[in-house]
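Chains: A, B and C, in written order; residue numbering restarts at 1 for each.
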Amino acid sequence: MEWESVIGLEIHVQLSTQTKIFSGAPTAYGAEPNRQASAIDLGMPGVLPVLNEQAVRYAVKLGLALGADIAPRSVFARKNYFYPDLPKGYQISQYDLPLIGSGQMDIELDDGTTKRVGVTRAHLEEDAGKSLHEGFEAMSGIDLNRAGTPLLEIVSEPDLRSAKEAVAYMKKLHTIVRYLDICDGNMQEGSFRCDANVSVRPKGEREFGTRAELKNVNSFRFVERAINHEIERQIEIREDGGSIPQETRLYDADRNETRTMRTKEGADDYRYFPDPDLLPIEVSPAFIDDVRSDMPELPDARKARFESEYGLSSYDAGVLTASRELADYYEAAAGACDDPKLAANWVMDELSGALNKEGLGITESPVSPQRLGGMIQRVTDGTISSKIAKDVFEAMWAGEGDADTVIEAKGLKQVTDTSEIEAMVDEVIANNPDQVAEYQGGKDKLLGFFVGQVMKASGGKANPQQVNDILKQKLG
Amino acid sequence: MALDANQVREIAHLARLAIDERDIPDYAENLSEILAFVEQLGSVDTEGVEPMAHPLDMAQRLRPDKVTHIDERERFQALAPAAEAGLYLVPRVIEQ
Amino acid sequence: MHDKTIAELSAALAGGDVTSLELVEAYLDRIRRLDASLNSFITVDADSARAAAREADARRQRGDAGPLTGIPIALKDIFCTEDLKTSCGSRMLDNFAPPYNAHVVAQFKAAGAVILGKTNMDEFAMGSSNEASVYGAVRNPWHRDAVPGGSSGGSAAAVAARLTPGATGTDTGGSIRQPAALCGISGLKPTYGRVSRYGMVAFASSLDQAGPMARSAEDLALMLEVMAGVDERDSTAADRPVPRYSEALGQSLDGLTIGLPKEFFGEGMDDGTREAVNAAVAEYERLGASIREVSLPSSHLAVPAYYVIAPAEASSNLSRFDGVRYGYRCQDPQGLDDMYKRSRGEGFGPEVKRRIMVGTYALSAGYYDAYYRKAQQVRRLIRDEFVQALAEVDVLMGPTAPTPAFDIGSKSEDPVQMYLSDIYTIAVNLAGLPAVSIPAGESGGRPVGLQLIGDYFDEGQLLNVADQFQRVTDYHKRAPAGID
């Protein structure tokens, strides 16, 4: 039987606000335990939550980016359960009236086609703290620094049909939150976390199979592996005539397997109800307009513009807009020269290669986009050849100044003086009588040999086109 | 609705309350009486009435995203039944 | 001196007839002598009170005194007081000294008021008799075998016995007004949102409201001026100016329309209470008010709606008491679940556990719509009826409680009977309206309270209407025997 997998993702995005969603404690990662846990984050008696405006602003920003409905009135609800990293015994979340309603996102598939994926909703909630199990006998330590960090949970429709599509969706959402600058996107630190709902059904069947929820698949690589593994596991059970229980499963990256965390039967009854400490969030059209006026150009629009404005291929435009920082770099470099396509090649080849080699991100590049553009301009205006440009780039990377300084200091300026080149050509012809005879006898391929000799004599600085022309003319 | 002993145990578990087995019949009786009392609500027609969660028709105030925190960890943890190395200690968490 | 009201003491302090330290010593002495038989205080903070009194006297010397500077007050033990035990009448918080002050406490301190100590209360404010305190029942100063009412029973008894000229209370379903009525004092539940809830241990967040308890409407006005106002730490505190309530007293009641909700005068009311309330209404007619009957047809549903909504919110609010970060933790827990269950099972008393379980049940899957949602819908019906009635009249009037103080132990075995003692007060909390209870005579030698209900944020008018009555009657001046 042929099977089809059905996947929906719930992605938790930590919003990069300065303070917690309901308290004035900082959200910085990596502080000493409980140093950033205020009375509110600790759930002390009598203290009350007050909503951080920036969290609302960021959520609305994402809503606008997903073309989603922004609820004029939405409500916080309490999700009640006991766990040591949940100080109040309830999580403040949103339930039946989320801030962000249905929207959508386009993802690009491997075959170059675009797929529209529905987003069911996105809601604001508070993060929990962390339990640490090492270092204490029969005890766990509780660190509540993370408690109260604002989260936006973005729930997709079950529109994804393969692990690859799921990854494409996750990557695209990651790109968008980075573009919007509402999340630092750091997956190691848990700023961008993913739960996946996975089920399988016989191909052609309309009804969904029973789903398993995969918890905490927190890297692009693990998501693909975990989902593929889960799909295989479910198909195997179904083909053996078994049924899938509705349950929560945990992905173990070390063993590449998923295992049961809790089944539906043992599931908590969360007793959601509207949080009486918080009033309805009212978002006015003016507030939305204000957020909209602050929206950056989004990846899809920027890619289209790169194609039309800079004449880039769809592929190149896609690569260069995959992150906001890369796109910003490229635009700055392209703006500093007259050949945006050449700038694209440089950013994607030489620069990316050099950064990869040293494990640096685009924002850590030792060569600024202005300097890279300036160097490209020297290629375009014929000051240096493309070959010499690589040397100039290396020198700039090593911190030897901008292109003009390097060219000047190393005397790399291209020789374009015809008489100077003619002199070098004459010398090469004079020194290689045998090859001249062979060439004139019809061995055209030898032209390359002569060009090479002249270039060598010039230290690589002679203009190759001029060398070519003069050689042809002199050799007859 | 009358609650039986098992339902009382389930609710007590959900609320994480240890209830002495000997007290369960009393709780079952009291809770059943209270529930029977509040079930008068069922007699009134509330079709189309929007539930009211707050007495006032006010919207949520928003707080500027500014750090106002003062680290008082030592003071807070002096109140804790068990704390060590800046962490609150609880019996080992097994699940998850 | 102890028989004087806050307004009178304020004048005496201002006139140099007495110092704050002398006052504080006098009240501390009364507490020492008289409270053993009343049990109205959980904590007396004598040293801090003396220090605060000296500071208040110094402040007065500097010419920087306000109406409450140097005035002793007591706080219900539900208001967090920095480094001073705040127990909520519970074993759960017996060892809890908060690292912060409630907004109300900070306001009183800033005004120069002197905190004598913390008063007894029903555990987590859940009760109408003050029998549900881990520190023992409070006795009614008028009749030592009777309850003082609850949950702010300690505050009411302390004010009635002149152990403090004023005290704070909290009112979720009548917890200021009912004990005020039963102890023969004045108590105001302000509009929901008038006073910040920050630092007040939460019982039912959409109903809880702090308010003053004292011996006259004028004193309530003076205290409310200090307590009320916006607080950026409470999202539900209303951002509107605080009038000078005490300066708005003395307005004639000519042309005032008083509505008597007929549902408040039905069966179940004690005869003496009915007579006292009717006499008070007649007094208001003499003061120039016109009387009309109004109807609040859904008010019989207020108690059942309340006993869904309040326990539901409480079940969640009290989840934070889990033995992890503060409060009681059981001995030798056998694993996490055991720690939760025994800490909570041993830390909470029976009524608190009952309400947590009722609330847990009402919110649980499959029952939410039938209980919680339904109760919230009924809440709106009740609110709308009040709004309609208050469009027709200026103030609503009726009894505060159906009976005067009942005997200790007489209702403690029957939760539903106990709940019905708040039958006239609870609807006001559901609607979020302000209401005041003032003394209006006696029934069988026990005080009767008259309840006045006003429109949202109309505490000014409400207090004036109460004050006018107190200018022509002396019920509020009567003192119980045996407190000299």
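Observations on the model:
The rule is short, and it goes like this: contacts are C-beta pairs under 8 Å (C-beta built on N, C-alpha and C of every residue); 3 or more make two chains touch, one makes a residue touch a chain.
No experiment lies behind these values; they were computed from the predicted model shown.
Set against the Cα centre of chain C, the chain with the most distant centre is A. Contact tally for B-C versus A-C: the pair with more C-beta pairs in contact is B-C.
Measuring from the average of all protein CA coordinates, the nearest chain centre is that of B.
Look at where the CA atoms of chain A average out and do the same for chain B: the two points lie 41 Å apart.
A straight line joining the Cα centres of chain B and chain C is 23 Å long.
We define each chain's centre as the mean of its Cα atoms; on that basis chain A and chain C are separated by 57 Å.
Under the contact definition stated at the top, the residues of chain B that touch 2 or more other chains are 14, 16, 53-54, 56, 58, 60-61, 63, 72, 76, 82, 88, 90-93.
Residues of chain A found to touch two or more other chains are 39, 42, 44, 50-51, 82, 84, 142, 269, 271, 276, 278-279. Among the residues of chain C, those touching two or more other chains are numbered 96, 99, 206, 232, 235-236, 315, 319, 322, 324-326, 336, 340, 360, 364. Listed in rising order, the residues of chain B touching chain C in the complex are 3, 8, 11-19, 23, 27, 30-31, 33-35, 37-42, 44, 46, 49-56, 58, 60-61, 63, 72, 75-76, 79-82, 88, 90-94.
Across the interface of their complex, chain C is touched by residues 39, 42-51, 78, 80, 82, 84, 87-90, 142, 269, 271-273, 276-279 of chain A. The touching residues of chain C, counted against chain A in their complex, run 79-80, 86, 88, 93, 96, 98-100, 102, 197-202, 204-206, 232-236, 312-313, 315-316, 319-322, 324-326, 336, 340, 360, 363-365, 368, 372. Contacts from chain A toward chain B in the complex involve residues 17-19, 23-26, 32-39, 42, 44, 50-56, 73, 75, 82-84, 131-133, 135-136, 138-144, 250, 261-262, 268-269, 271, 274, 276, 278-282. Those residues of chain B that touch chain A in the complex are listed here as 14, 16, 53-54, 56, 58-69, 71-73, 76-77, 82, 84-93, 95-96.
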